[in-house]
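A short worksheet on the structure shown next.
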């Protein structure tokens, strides 16, 4: 246990979440469950991105009394993946909101939330 | 049957790719060259202790502008798809009022939640936080309002005006950066101030305040739109 | 020595949190689950925060504010959930003997009918 790097746990958790979300999206028929699977995949991707930015023994990238500017480069974690994930979380929220609005319109048109009722696009 | 087999094979292949990723993973022992520049020169150039804020607002400011646009488009899309047919008056008989405990606790908590959200985005350059996080907290506060007081109406005009003015102000500050300082969204249009105080880091607090207000107003509008669809 | 006490309190808190999870799994109907979930998790969270305060005395006031916040919001939210579950007629367990909320609502409805009639 002591030999494994810390970010490997976060990485494997993120990858497992992506797999679980993918499984949910592929096998479920209920639209809300598919949306939840998509949200899980989103969270998994964010975890993977943050885990990759970890530097061994690093601390949060905030330069104040705790981490003076002189040894900032030696001690902080990579700030760029955190910034990218900040953006990604907000965009994931926007996409989920649009998906839920679609689900409401589908329910109004078909009176059911089963994906099998929307067969017009199927070939 | 064949469908289940295909799904299983897909998941198996994806898991194989991920396993290869995880097994060949070695942690970084030092920062990459880009991160070294951000960590070394960031506080001196920009005057912001929080490096993630410095990256999001200044070094990668154009991405943030694009993200604010995407959020606006998604809110507009939700508003378009869930358009109100007519001004639906809330039917009072069907809505039982919330119990007294819930209403009292909500009245206690709402000011605290809004104050905390404002604190998070005003102090975005000093401690972990920032505009998007603060905006999400404000939207959580308005969600609390919508859930506990069934007849509560959000003020549509106030939200729309806040959202538009904040987005407009964000672009205006960006253009001011071109006129007065190095480039678009440069934060040195205002003085960098004393390191670590509230009014430091140039225009970063202003940019993040505008972003926080915009995100909070947008998400509140989306939540209000979802709540109103239940009455039709 | 302080570390031992603090870690012991955190361990006790995690025992309560575990029993909350066990309760949510084993209880027969929704209302029982809400009750075990809230009571045990509130106490468990507060004990964990108290243990942290013993381990890091510099954070005591912040942790006290956190404890107050948890104590204020957790029971209120479970109250709202339980009322909502009762409103949509979530089925109760077979062993249920008394339903006071149902009796009160019927009394209120009868009084309202008498007023309008």
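A, B and C label the chains in the order they appear, each numbered from 1.
Just so it is clear, contacts are C-beta pairs under 8 Å (C-beta built on N, C-alpha and C of every residue); 3 or more make two chains touch, one makes a residue touch a chain.
None of these values were measured; they are calculated from a predicted model.
Participant: Would you say A-B or B-C is joined by more C-beta pairs in contact?
Facilitator: Top pair by contacting C-beta pairs is A-B.
Participant: So, comparing C-alpha centroids, which chain is the farthest one from chain A?
Facilitator: C
Participant: Report, in whole Å, the distance between the mean C-alpha point of chain A and the mean C-alpha point of chain C.
Facilitator: Computed value for the inter-centroid distance: 30 Å.
Participant: Using mean CA coordinates as chain centres, what's the chain B-chain C distance in Å?
Facilitator: Chain B and chain C have C-alpha centres separated by 31 Å.
Participant: If you average the CA atoms of chain A and of chain B, how many Å lie between those two points?
Facilitator: The mean C-alpha positions of chain A and chain B differ by 16 Å.
Participant: Sort out for me which residues of chain B touch chain A in the complex.
Facilitator: 7, 10-11, 14-15, 18, 21-22, 25-32, 34-36, 38-40, 42-44, 49-52, 54-56, 60, 63-64, 67, 70-71, 73-75, 77-78, 81-82, 126-128, 130, 132, 136, 196, 215, 219, 222, 226, 229
Participant: Would you tell me which residues of chain C are touching chain B in their complex?
Facilitator: It comes out as residues 72-73, 76, 79-80, 83, 87.
Participant: Which of the residues in chain A end up touching chain B in this complex?
Facilitator: 5-8, 11-12, 15, 18-19, 22-23, 26-27, 54-56, 60-64, 69, 72-74, 76, 78-80, 82-83, 86-87, 89-91, 93-95, 97-98, 100-102, 104-105
Participant: Would you mind writing out the residues of chain B in touch with chain C in their complex?
Facilitator: Touching chain C from chain B are residues 96, 98-99, 101-102, 105, 108-109, 147-148.
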